[in-house]
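Presented sequentially are two complexes of chain A, the first with chain B as partner and the second with chain C.
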Partner chain A sequence: MARVVSIHSFRGGTGKSNITANLAALLALRGERVGVIDTDIQSPGIHILFGMDEEHIDKTLNDYLWGQCSIEDTAYDVGERLGRNALDAVGGAIYLIPSSLRAGEITRILREGYDVGTLNEGFRDLIRELNLDYLLIDTHPGLNEETLLSIAISDCLVIVLRPDQQDFQGTAVTVDVARRLDVPQILLVVNKALSSYDLDALRNQVESTYECPVAAVLPLSEEVAALQSADLAVIRLPDHPFSKGVKAVVQAIEAAEQE
Partner chain B sequence: MGIFDRIQAEVEERERKEGITPSALLDLPPEQRRLINHITRSGEQTAAQAASALDVPLEEVQETLDLLAEKGYLEREKRPEGWVYRTRFGRKRARQIPVGIWSALGGKKGKQEE
Partner chain C sequence: MKDFAALIRNLLSDEAILRDLPAVRERFEDGETIFERGDPGEDLYIVEAGQVRIFTVDEEGRELTLNTLAPGEVFGELALLDSRPRSASAVAVGPTVLRRIDRGHLLSLIRSSPELAASLYDLLAQRTRHMTDYIERLGHWARLVAEGRYDEAMQGLQAEGEISDRALAAVADAVRTMVQAVREREEQLRREVAQLRIEIDEVKRRKSVAEITDTEYFRDLARRARELRKRM
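Our next item is the complex of A and B:
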């Protein structure tokens, strides 16, 4: 049975999309069939990490929400990014469902709204039509109807936060909402931790504050930043502490599935 | 019927037509929220499946299902195995922002494209 994993943060700039793309890549390289859907309709961006730009994108999530195509028409095989041979060797696959980058289409969604039920059906159809093991949902920061829907249908919610007081407060709100929506597994990922921090102490502090497991504390890294979202750290920098941290998140997600 | 009763009736009728929004899930009483959360995550459920998964007596689950269906938050379909329930989500409403913003944005975009 497919698992739905939402990756969320209360505030922007936490590295949520970067972590989502890297998680998806690692899962696919472990032989899983993975879909990544960009529900950050107002400010899409995860396509960059998979090497896609406007020229490569025809149909998008927006077209599906307007009833102009099926959801599987908006799914792009981005396996080349990971190395086709490596994926084929393990039987993995990875698909991206991007949101539109066109200003007119973004404002149309804001202006007209959309049917939330259609988005929900789209998630289910994707899992069935692409025979997915995992559907990863990259959400818009903060809380709105689509992020709440994503949280409501998730088997696992990964909340990304920085070691920052504003993030700490917002994360408390998100954890509360996730508990009220009975999300079976909530994982926290602390990103952009300064090298001067005691990472174990930070992990313990966050775990005791929210009473949620911290799957990883990821360092603020110049090497990862230098990729400029144009590539995947787990592919380019597999031995980097950031990549090892993402691997720990994958293991935490898989551990819950095996329970 | 007083004005407040009429307003309440109108709100309830509108909700019945529109289904539930994800944000409204948070405001449901706990037993209703737990059931609808389970159905939402499962995709669809019969009363017996939900009762078993949530470890709640079937009669209680059926009563809550009937209530949620009456409110328009669930839709049901008759199948060989019995009634199957799905969450019925409402439409996300458009952003309520001052009139003129969209045309201003459209005008600015048009100029950029010239």
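Our next item is the complex of A and C:
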């Protein structure tokens, strides 16, 4: 059975897309078949991390939601980024379902909205058609209806927060909402922690505040920023503390699966 | 007035006087102790070759260098006055040769030479002024540190190291290390305080949660969530 993992943050810019893409890459390199879906329809961006440019994107999630194609028509194999040989050796695969980057299409979907039920069916069909082990959902910040659906259907919710007061407050709300939806596993990931912080103390403080495990505390890093969200840290900087942190998140997710 | 060390050196080169004045020549290896704080202070030394470091040790065993002496310089002169125990320790820096002069002999020489006596007073006056200056500056730096004016303290200490004598430069260096440590500890503390401040406004939290969960959409979703997950 496939596992659905949503990556969410209450506010934008926390590093969701970077974390989602890197998680997906590690899972695929461990032999899993992984789908990554960009449900941040208002401000899509995760495709760049996989080295996809706009010209090569034809059908998108928008087309599926408008009933113009099936969901598997919107899935792109982005395994090239991880090295075809490495993936084939372990039998892993990685697919990206991008949202439209066209301004007109973004405005239209925001204006008209779409049927949340259709999105749900899309998730399901995708898992089936691509025979996925994992579906990773990169969400839009905040808690609109689509995001609530993504959270509700998730086996695991990864909440990303920065160590700042607004994120602390927003995370409290997200944790409460996810608990009301009985999400089986909730993991916190603190991103952009200043290297001067006492990371262990920060982790303990966050865990006790939310009564929720912190899967990783990721440092704010110039090297990660220098990738400009155009490449994967776990591939380019495999020994970097950021990459090691993402690995710890994978381990936390896998540990719950074995239970 | 000629300085004390020069006069002593002159004496030592005068064959007639040297006959009455047993000035022993002693050799020390690098790092070898010449005397330790608390040892009986009986003799005066002149550095002939190498260097001598004068230092004290604090309660936790850390050394504070007070001075470093080069050939031609005199140390141990306080012993001439009162023959009390040594107030600091002395160690050789590099292979070192010293002339050691016995207190009794030197005192009798001083008694017979007004010029030597005057230059001894002069030397002691210099050392006293030096100590006063030293203490004044320590007080000044301590005040800057107490007021958190670390940058000013560091700048002053830096300048001190460049212009003043070796003893002050050495203490400036020790104080600089201290300022750095105090500053780092303070910053560490500030970081800890900052990161411990996770404040959640519980009223606002409940209100935000209610705005989301008190909707028909959410209630329906919550009811179906388990089923939806199973069907994935």
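Here are some notes:
Note that the second predicted complex is superposed on the first by the 259 of 259 C-alpha atoms of A that agree within 3 Å, B and C clash if a C-alpha of one lies under 4 Å from a C-alpha of the other, contacts with A are read in each partner's own complex, and residues count from 1 in each chain.
Following the convention adopted for this analysis, contacts are C-beta pairs under 8 Å (C-beta built on N, C-alpha and C of every residue); 3 or more make two chains touch, one makes a residue touch a chain.
If you're wondering where the values come from, they're calculated on a predicted model, not measured in any experiment.
Considered on the superposed chain A, chain B and chain C are sterically incompatible, since they clash. In the superposition on chain A, contact is made by A:E112 with chain B only, not with chain C. In the superposition on chain A, A:S43 makes contact with neither chain B nor chain C. In the superposed pair of complexes, A:A103 makes contact with chain B only, with no contact to chain C.
Once the two complexes are overlaid on the shared chain, A:Q165 sits against chain C while remaining clear of chain B. After overlaying the two complexes on the shared chain, residue contacts for A:D155 are found with chain B and with chain C alike. By the document's definition of touching, of the two partners only chain C reaches A:S196; chain B does not.
Touch criterion met: A:E146 reaches chain B, while chain C stays clear of it.
Between chain B and chain C, it is C that contacts the larger number of residues in chain A. Within the superposed three-chain model, A:Q205 lies in touch with chain C and out of touch with chain B [touch as defined at top].
Of the two partner chains placed around the shared chain by superposition, chain C is the only one that A:A2 touches, whereas chain B remains out of contact.
In summary, superposing the two complexes on chain A brings one listed stretch of chain B into steric overlap with chain C, and the stretch in question is 37-45; the others among 1-9, 37-45 or 91-99 show no clashing C-alpha atoms.
The intersection of chain A residues touching chain B with those touching chain C, taken from the two complexes, comprises 120, 124, 143, 145, 148-149, 152-155, 177, 180-182. On the chain B side of its complex with chain A, the touching residues are 19, 21-23, 25-26, 33-34, 37-38, 40-41, 43, 87-95, 102, 105-106, 109.
If you check the complex, the residues on chain C that touch chain A are 187, 191-192, 195-201, 204-205, 208-209, 212-213, 217-218, 221-222, 224-226, 228-229, 231-232. Across the complex, chain A meets chain C through its residues 1-2, 4, 120, 123-124, 127, 135, 143, 145, 148-149, 152-155, 163, 165, 168-169, 172-173, 176-177, 180-184, 194, 196-198, 201-202, 205-206, 209.
Partner chain B is touched in their complex by these residues of chain A: 103-104, 107, 110-117, 120, 124, 143, 145-146, 148-149, 151-155, 177, 180-182.
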